[in-house]
Amino acid sequence: MEPDNPTYSDAAESMPDVLHDQGEAGIGVDLSLDELVFDGDTILSDLNLELEPGKITCLLGPSGVGKSSILKILAGFIPLPGNSRVTTSDGKSLEGRLSYMDQKDLLLPWASVFDNLLIGNRLRGEIPDRVRADRLIKQVGLEKWRDSRPDTLSGGMRQRVALARTLMEGSSILLMDEPFSALDAITKFRLQGLAARLLTEKTVLLITHDPMEALRLGDVIYVLAGHPARLSEAIRPEKDIPRDPADDAFSQHYSAIMTRLAGETEDAS
Amino acid sequence: MRLLRAGITLAGFLLIWGLITAILGLPKFLLPSPLIVAEALLTHASLIADNAMTTAIEILVGLILGVLFGMVSALLISAYRPVKQWVFPLLIASQAIPVFAIAPLLVLWLGYGMAPKIVMSLLIIYFPVTVGFLDGLNRTEPVWLNLAGLLQQSGRTGRFRKLVNLYLYIKIPFALPSLASGIRVAAAIAPIGAVVGEWVGASSGLGYLMLHANARVQTDLMFASLLVLTAMALLIYYLIDALLLRALPWLSTHNNNTTQ
Amino acid sequence: AEKLTVLLDWFVNPDHATLIIADEKGIFEKHGLDVEMIAPADPSAPPKLVAAGKADLAISYQPQLHLQVEEGLPVKRIATLVATPLNSLVVLRDGPVKTLADLKGKKIGYSVGGFETALLTAMLSPHNISADDVTLINVNFSLSPSLLSGQVDAVIGAFRNFELNQMDIEGYPGRAFYPEEEGVPAYDELIVIAHSDKLDDPRLKPFVDALEEAVQFLVNHPDESWKLFIKNHKELDDELNRRAWADTLPRFALRPAALDVGRYERFAAFMQAQGLIKETKSADSYAAVVN
Amino acid sequence: MRLLRAGITLAGFLLIWGLITAILGLPKFLLPSPLIVAEALLTHASLIADNAMTTAIEILVGLILGVLFGMVSALLISAYRPVKQWVFPLLIASQAIPVFAIAPLLVLWLGYGMAPKIVMSLLIIYFPVTVGFLDGLNRTEPVWLNLAGLLQQSGRTGRFRKLVNLYLYIKIPFALPSLASGIRVAAAIAPIGAVVGEWVGASSGLGYLMLHANARVQTDLMFASLLVLTAMALLIYYLIDALLLRALPWLSTHNNNTTQ
Amino acid sequence: MEPDNPTYSDAAESMPDVLHDQGEAGIGVDLSLDELVFDGDTILSDLNLELEPGKITCLLGPSGVGKSSILKILAGFIPLPGNSRVTTSDGKSLEGRLSYMDQKDLLLPWASVFDNLLIGNRLRGEIPDRVRADRLIKQVGLEKWRDSRPDTLSGGMRQRVALARTLMEGSSILLMDEPFSALDAITKFRLQGLAARLLTEKTVLLITHDPMEALRLGDVIYVLAGHPARLSEAIRPEKDIPRDPADDAFSQHYSAIMTRLAGETEDAS
């Protein structure tokens, strides 16, 4: 791999937190979905989701309602159903400006943590950005496991690798499917902070089951519920992220989220 | 330990063989006793060794080329649908061709040197490699392809370079276990590949020696050569098996008892 | 009728005319025999199976018989089908090889190891060519193709009644050098062998008698015999086999049972001189006359 | 569609073959032109059909038995370490044995009927199945074995019954893709297995017919038989491929473009 | 699979909630671990964990600290290290009395939801308890997906299948690794309630990252932290489970958990 470089950690420390990413300002994305049908069952119908440029949009909803499916449609993994459209604020295609973090960690089983971070560079035939990779590994707290294979990591550690890999890309638009679900409260808190810092100016769609997480990170929060599922009205908490969700100011948002989740869950499952 | 066990297997095998010849009273020209074969092995030691050398080289060249060709074929077939649709049937058809049917053609085009032997053993060896690897390549899970496709979208390199990288970093690693399985089969049949190659026409090699001994009713020499061939087969198989296990460490997890 | 199993040396071809006529014409049946003929894919297997008692009779070759006896196979010749050598050394008629002396430094193909190479050495030694002066290649399945494609300059083991005709038909006529004219003692090409401990088998005499009757019909009525021959072997009805049939006719043993003692002892001595066998035996170790 | 493509491949193949014979002016007994072979095919249609029947039966029996034996071998080898350690080397060794070396023995023990042919083609067909399936069985991920072991702890049935259930519900399903891969190789080489079986001694079958035609330089008949054999090989391969795809639906996800 | 049985759902409805499980009263389990070393790194050392009979013990701790490893040791997946012992209150071996739910869902990819529940029965050669399976599928809200293959389910749905499979066993001792991590707040709440009902009298060790979950379900709560990791003192909230964690009475427990997590996380990663 990399030769032992004694100055590496200092070098990393002295670097700015946000490394050179794609220089674009935030891009707005608008998904207008006619209907999504799986095996004859209509999961989503008549749905319009707007991702505001440079903002973090959080998506909550009962299990199996179709959150991940929306992400996969945006990422192009599920072909865009007929009569549906994805448009961007700058009119250009999404292609090449997206990063995606799956609900499963999807780490390459034969590659070390380090090499898992470099896979994007390698696939694109670029010179691997080892410094950035090492910095991100350090930021998610895994420098001791830099050369470990994923099968020797704990579930939460694997999730952190997947998170680091997604941040590694530096894309302008990020789709993240429950990125912190396997982490303990403290680690989660630290990584939410890290994400908030690294994701300024990025357009992010983040799926979560944790209303606290949505309140901490979300500029805009939607709840998806019902069958077929519909989006709630947007909840837009005041203040800049990352917020302190324990703040009393947010308790009414919290209960709004819970009501919407609860009100519809009964139908969905 | 492994060697010890191999030794014991060998001894047991020789014992059974000896018993069969002794109890059934099989005549020497049908199945010579191990003792007679051992004697022939000693008497003709240098003859056998010389010919074994030729066959060993053929096996090695056949295996290396077979594995290479097989891998290249599988890659081409998996990467280019047309190749699969048009060329793959020919490959399958080639498996059904008996050596004597095309021996004259091979001789016509390639002469009596190493070339026709290598082509014959190639035909035999490379097929399991191709099918094994191809199956592995085709079985890459779609999530990985999706993810890799997304990661590649922002790349500035050409389509071809991206395809190469996709194979290099995703498809091939995932297909390695299947490739290993194919190589294992290939390793086991490589010796017969070389022998069949020698049938096309040869002036040395264990297959040649066996044909020769068979024609001269020297059953002891034939079985001595067969024994050496078999020993080579086993050696090659276990050598390759060991190599494969080393090359794919993340697959041998099932050997120790710790978990995922 | 008594069942009798005969293993042929090779697939049915005009060399087997005597057997086929005896069968098709009902001569075996007349002698109280129900003969089953089985073709192997490997000519060296039938003698072993007779020796092992798995078949009653097998078709083999005299040179092979000497090797078999040397190796301890309990078999003996009881009848002869083709009484002259068929084997020959063949080159292209229009090729550079005009005499055997021209073979120095050339490549020579053969298909059966052992005997054929010895035959070649014996044929070449009067011309001061030793085995080291030529390259020997076992071409196994493809004698004439290897010659025609120019991969070898001569082949030994080509049958004069067969490969020569084939090359002629294809427009590449060949030239044959006959071993018996080049210092090799004459021998019986095709013989019937039986287990040496079972020579008193009562079925053997009627079998040999039937062969004699068949061969006489064969030479007396060649055209009718041809029709009988292809009656159940339609696939053999072509130009090549017709010509081979004609060329084989004069070579059938007219007295299948008769044993030429001198021929067997002479040939044993030749084999010994060529280093193919260690010791010669008396003719009755190789052949017997059943009665 | 598939049939159409197969037809075009065939036509192209025949064209190239015809061109080779025409341009190189190859003599008929080296490589007869497609026309001559077609003629032979028609002239000898019933002869070839009869013999093809024999070979088809041998292939089918060989394949069925080969797959069954291969599966049983793989199961025994994977379930009982001793079997693997002591018997598996013999299986590998068996792959190196040329048919003529043991043909007399087979005939001695099994006679001239179907039996020795089936044994020979078995030896050839069953090996890839065994190795493929075995590789699959050995690759069951340890997490699954752990989980299954725990689930079985409270069972009241005997050790053997539990082992059977472990294979039935966990190990075999996981190994099916590898088994399928092995069966694919086996399907492709089954025709040559049958032909080699016929070398032990036969009085019918395409292999017999080919040897026969070869021995009597009826190259046109030989190539006609070869053509039929090849067609059978392709038919069998694609039939088995289709069957396998149907039998393992959860593996064909990569054919449509939706995700996991 | 099963013949269409029109009376099935009624039959299931009219049955008692807890079906015939192993009749044993709760069994206490005591793990005394000398040390656990992976690749030369000591993960756990000198640890003593007591599972009280018939109680739910919750284990929290920073990501990668060794929680799952403890579960695997108890389940026998990691061989018991030297000088370590597992003892039970009735002196008998744990064998055959354990159920285990992995952090990953580990569903058989070729089997339907229903067949995934029956795998235990099948592996043991018992007559499959279809009624119980159908009842559990209904309880985790998946009756519509009874015959679907896992690859057509969402992440949370897969986790619910895995949970149902674990409950299906009816063992006296249950080891559960983050059983609710992929569920939305409402579904989680309902299933926690279901678990609390079905797990009365059972001895349970439950790993979670959610202090609320621990407070809702845990009779005894431990925090594992440090390197090598040590157990905190037990936290024993009053009242019977399931509790309402929003109850003010628990706020001091909540902050106790967070302090312990936070205090040690810095060292761990």
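Lettered A, B, C, D and E in written order, each chain numbered from 1.
The rule is short, and it goes like this: a contact is a pair of C-beta atoms (placed from the backbone, for glycine too) under 8 Å apart; a residue touches a chain by one contact, two chains touch by 3 or more.
Chain-to-protein mapping (UniProt): A, E = ABC transporter ATP-binding protein; B, D = ABC transporter permease.
Computed from a predicted structure; not experimentally measured.
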item	value
Intersection of the contact lists for subunit C and subunit D (ABC transporter permease)	B
B-C or A-B - the one linked by more C-beta pairs in contact	B-C
Subunit A-subunit C separation of Cα centroids, rounded to whole Å	84
Distance between the centres, which are taken as Cα means, of subunit C and subunit B (ABC transporter permease), whole angstrom	38
Subunit D (ABC transporter permease) and subunit E: spacing of chain centres that average the CA atoms, whole Å	48
Contacts with two or more other chains, residues of subunit A listed in rising order	77, 104
Shared interface positions of subunit C, touching two or more other chains	42, 44, 48, 52, 141, 145, 149
Contacts with 2+ other chains: residues of subunit B (ABC transporter permease)	30, 100, 104, 108, 143, 146, 211, 214, 253, 257-260
Residue numbers on subunit C that touch subunit D (ABC transporter permease), as the complex places them	10-11, 13, 38-42, 44-45, 48-49, 52, 54, 141, 144-145, 148-149, 162, 166, 170-172, 234-236, 238, 240-241
Residues of subunit B (ABC transporter permease) defined as touching subunit A within the complex	143-144, 146-157, 161-162, 165-166, 168-170, 173, 250, 253, 260
Subunit E partner contacts - residues on subunit A that touch it in the complex	38-39, 60-68, 103-104, 141-142, 152-157, 159-160, 177-178, 181-188, 190, 209-211, 258, 261-262, 265, 269
Subunit E - residues contacting subunit D (ABC transporter permease), complex	22, 75-77, 95-100, 102, 104, 106, 108-111, 119-120, 122-126, 149, 151, 169, 171
Complex interface listing, subunit B (ABC transporter permease) residues touching subunit D (ABC transporter permease)	5-6, 8-9, 12-13, 30-31, 85-86, 89-90, 92-93, 95-98, 100-101, 104-105, 108, 127-128, 131-132, 135-136, 138-143, 145-146, 177-178, 180-182, 184-185, 188-189, 191-192, 195-196, 207, 210-211, 214, 222-223, 226, 229-230, 232-234, 237, 251, 253-254, 257-260
